[in-house]
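Okay, got some structures for you below.
Consider the two complexes below, in which chain A is the common component and chain B and chain C are the respective partners.
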Partner chain A sequence: MSRIKRSVSLYSLQYQYMTGKMSLEDIFRYMKELGVEGIEILPDQMLHGTPEPEEETYREWNRLVEKYDLALACDDVFLNTNLYMNRTLTKRECVALIRKEIVMAHRLGFKVIRLVSMVPAWILEPCLAEAERNDVTLCIEIHGGLGFGVPKTEEFLAEMLRLNSPYIGIVPDTSLFCRRVPRVVDNYCRTLYGTNDEIIAYADKTYENGSDMFALGEGRGLDMDPTLKSLIRDPKKDFFYAHNLSGYENRPLSCMDPYVKYIRHFHFKLYEMTEEGTENSMDYGEVLRYLHEHGYDGYVSTEYEGNRWVLPDRPIPEREQVEKHQALLKRELLKIQGQ
Partner chain B sequence: MPEFGNSVLCEQGFRNVSEEGRTTGFQLRVRISYYRGIALSILDGYDIVVDGRKFAPEDVSFSLDGKTFIDTADFGKHPEIRWEYGDKAYLHVKCPGGLERGIHDVKVTQRIAVPYLPFSTAFYQEKRLTIVQ
Partner chain C sequence: MFDNNVFIEGTCRNVEEGGKIIGYEMQTHITYYRAIPLSMINFIAVETDGEKVPAEDIRFTPDRIDWFTLAEMTTVTGIKWEYDQAATVRVLKEGGLSSGTHTVHLTVCTRTAYIPVPLEGNMTRTVEIR
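== the complex of A and B ==
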């Protein structure tokens, strides 16, 4: 019987970490107290010297993993193709960097790497032997605005199907399944930038009608839906809001059907947990039921991104949001799988 | 269009800097406004505005340790230097005579070339900070 497990991406607590309110050990302890089963980390964020940290960094990591007895759900990897002035990294350089990340993931104890969107498909074949040797699966992130229908992601998916290896997979993100524009985004842009109400109402209506701004802008490159564009009355106030909307897709769950056996990890993004204990823009129940029905038994991982939509000088409610989100996942999973 | 970034400017470390007895400029402490550590070559530069006065990019230099400064125009030459997430770096701004004691309106915009986005991303933060010396 498959069982979906809960994890938290430590990204969700990044401001606690950055401002020194919580050390990495504090975060581990907190995860344990919350009853989280697994954790996910961005080594670039919390482990110095990535992808070649000092031995001391590994020793400290191992100590924490052992002491707090947390499973390691996913290692979030980036590829800085723009590292050098005037040229992008060569294929050889990209492959060498990803291989280093695979070795680092293995040494940390992870079995799943999430490659950030836009990592080129051609890294897969030359990295596959390293992935097998280290028992680490390479997964592309399928994120709203950067996922299905985006050429680089589609190339990755095609290469994944061609190579058909247990060491290649995907990490979808629930931003694909936004049923409305996150309310925190509307409020933030209205208050901070003075975004006009008409453009916000148009966006809200689009989602209500079952569409989204990624779909309406698809095939237009960096350009956007003509109606949305016409509602940009003052670029200083409206452009950021309009441009940002493509990251919230309103797709049917069936978009995952062809790739469901390749899902190795799942980002349960949240923008805002409401007073009622639900997420304002997404219905996690439908996603969890889909995963359960398809026999998924990996992690669903809390990724709090409402942190970006907190007004200047207001406290970022990271801990509260993570706690409410984990409680919601626990409740929904209990309904679906009895534990 | 710069986005608001809530972690660029640090409260402490805003001060005038003297060389050989003369005040030559001021310093600010800044963090990465992005969510992970990066090589300096991925930074595109800084815009500094104090009380409405904009400082030229060539008058702004950057340091991780407060000792060795590099011109912000030379970020691209330093793929080997890693700036860790959360670490507070120093910005030195050339400004003969320094800033007056008291409260100033400081706005810093940091530009980063995020590798998975097709354009440079800018984050700004504005704060009222005090020069005490």
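== the complex of A and C ==
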């Protein structure tokens, strides 16, 4: 019987870390206290010198992993294709960088790499031997607005099917399954930029009707849904709001059907946990049931992104949001799989 | 979205070297959620009391070891601005800021591989120089 496990992406606690309120060890201890089974990390965020850190960094990492006995769920990797301002990295340069990341993932103890959206599909074949040697699977992130129907992601998926290797997979993100626009986004744009109420009401209505702004815009090969565009009264106040909406897709779960056996990890993105202990824009129960029914037994990982939508000079409730989210996942998983 | 990372409060001060005030500096976090090599900083801009500081008068260091001009930074791929590092932006100006109150505006702009628009962060602070 498959059993879905819970993890937390340390991305969720980035401000605690950046401002020095929590060290990496404090975060490990906190994860242990929360009863989290696995952790996910962006080495570029919390491990200096990535992808070639000093030996001391590895020693400290190993000490923490051993002391707090946490499983290593996923390593989030980026590719700086625009390292230089005057040119894009060549294929050979990109492959060399990804190979370094694979070696680093293995040394840290990870078996799954999440490649950020837009990583070119052509890195896969030349990196496959390194992935096999290091027992690390390369997975593209399928994120709202950057996933299905986006040429670079579709190319990656086609290459994944062509190569059909156990070392290539996907990491979907629950931003594909937003049933409404996150309330924190509406509030942020209304308060900070003065975004007009009509455009916000139109967006809300679109999601209520079962559609979304990606489907009506980029998904149809347009730069933006024409009605949405017509409601941009003042670009300074409205454009950012309108442009940002394509990141919240309202897809049916069946969009994952052709790729379900390639899912190696899953981002359970959250924007806002409510007082009632639910997430404001997504229904995790439906996603977890789908995964359980399809025999998924990897991690579902808390990824708090409401941090971007906290008004300036207000405290960012990272810890509170992570705790509530883990409690929700625990509750939902108990209903579905009894543990 | 990253405005709050820019210009750490209470860090602006004049810089003295060899008995002379050579300019002023302030500290800032990165306008991104991860470390990047310095070549991926699109630009840094300072405006003091409504006047734009010439780009060639700005120096940057992530760690107070190596200092770069903005033009030099475009080729620095071997040194990263780490996510938790408070970097220093220095403005070369003989005599620095006069004692009293000043309005200093700092812009930090980085680029990323998958977000089509650069990530710009802005912060204005009222600074007391004694």
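Everything that follows uses one rule, which is that the second predicted complex is superposed on the first by the 335 of 339 C-alpha atoms of A that agree within 3 Å, B and C clash if a C-alpha of one lies under 4 Å from a C-alpha of the other, contacts with A are read in each partner's own complex, and residues count from 1 in each chain.
We adopt the following convention: contacts are C-beta pairs under 8 Å (C-beta built on N, C-alpha and C of every residue); 3 or more make two chains touch, one makes a residue touch a chain.
Since we're looking at a predicted model, the values are computed, not measured.
Trainee: Consider chain A as the common anchor and indicate whether chain B and chain C clash or fit when overlaid.
Mentor: Once both complexes are aligned on chain A, chain B and chain C clash.
Trainee: Per the contact definition in the header, classify A:P166: touching chain B only (first), chain C only (second), both, or neither.
Mentor: neither
Trainee: Contact-wise, after the overlay, does A:G194 reach chain B, chain C, both or neither (first, second, both, neither)?
Mentor: Neither partner.
Trainee: In the superposed arrangement, which partner chain does A:G210 touch: chain B (first), chain C (second), both, or neither?
Mentor: A:G210: touches no partner chain.
Trainee: More chain A residues touched by chain B or by chain C?
Mentor: B
Trainee: Considering only the touch criterion stated at the top, classify A:M46 as touching first (chain B), second (chain C), both, or neither.
Mentor: both
Trainee: Examine A:L222 and indicate which partner it touches, taking first as chain B and second as chain C; both and neither are also allowed.
Mentor: Touch status of A:L222: first partner only.
Trainee: Identify the overlap between the chain B-contacting and the chain C-contacting residues of chain A.
Mentor: On chain A, the overlap between the chain B and chain C contacts is residues 11, 14, 17-18, 20, 42, 44-46, 48-50, 78-85, 116-118, 146, 312-313.
Trainee: Enumerate the contact residues on chain C facing chain A in the complex.
Mentor: Its residues touching chain A are 1, 3-5, 29, 33-37, 39-40, 42, 74-75, 77, 80, 82-84, 111-114.
Trainee: Over in the complex, which chain B residues touch chain A? Could you list them?
Mentor: Listed in rising order, the residues are 1, 3-4, 6-7, 31, 35-39, 41-42, 76-77, 79, 82, 84-86, 113, 115-116, 118-119, 125-126.
Trainee: Applying the document's contact rule, which stretches of chain A touch chain B when the two form their complex?
Mentor: Checking each residue of chain A against chain B gives 11, 14-15, 17-20, 42, 44-46, 48-50, 78-86, 116-119, 146, 192, 222, 235-236, 239-240, 310, 312-313, 316.
Trainee: In the complex formed with chain C, which residues of chain A make contact?
Mentor: Those residues of chain A that touch chain C are 11, 14, 17-18, 20, 42, 44-46, 48-50, 78-85, 116-118, 146, 308, 312-313.
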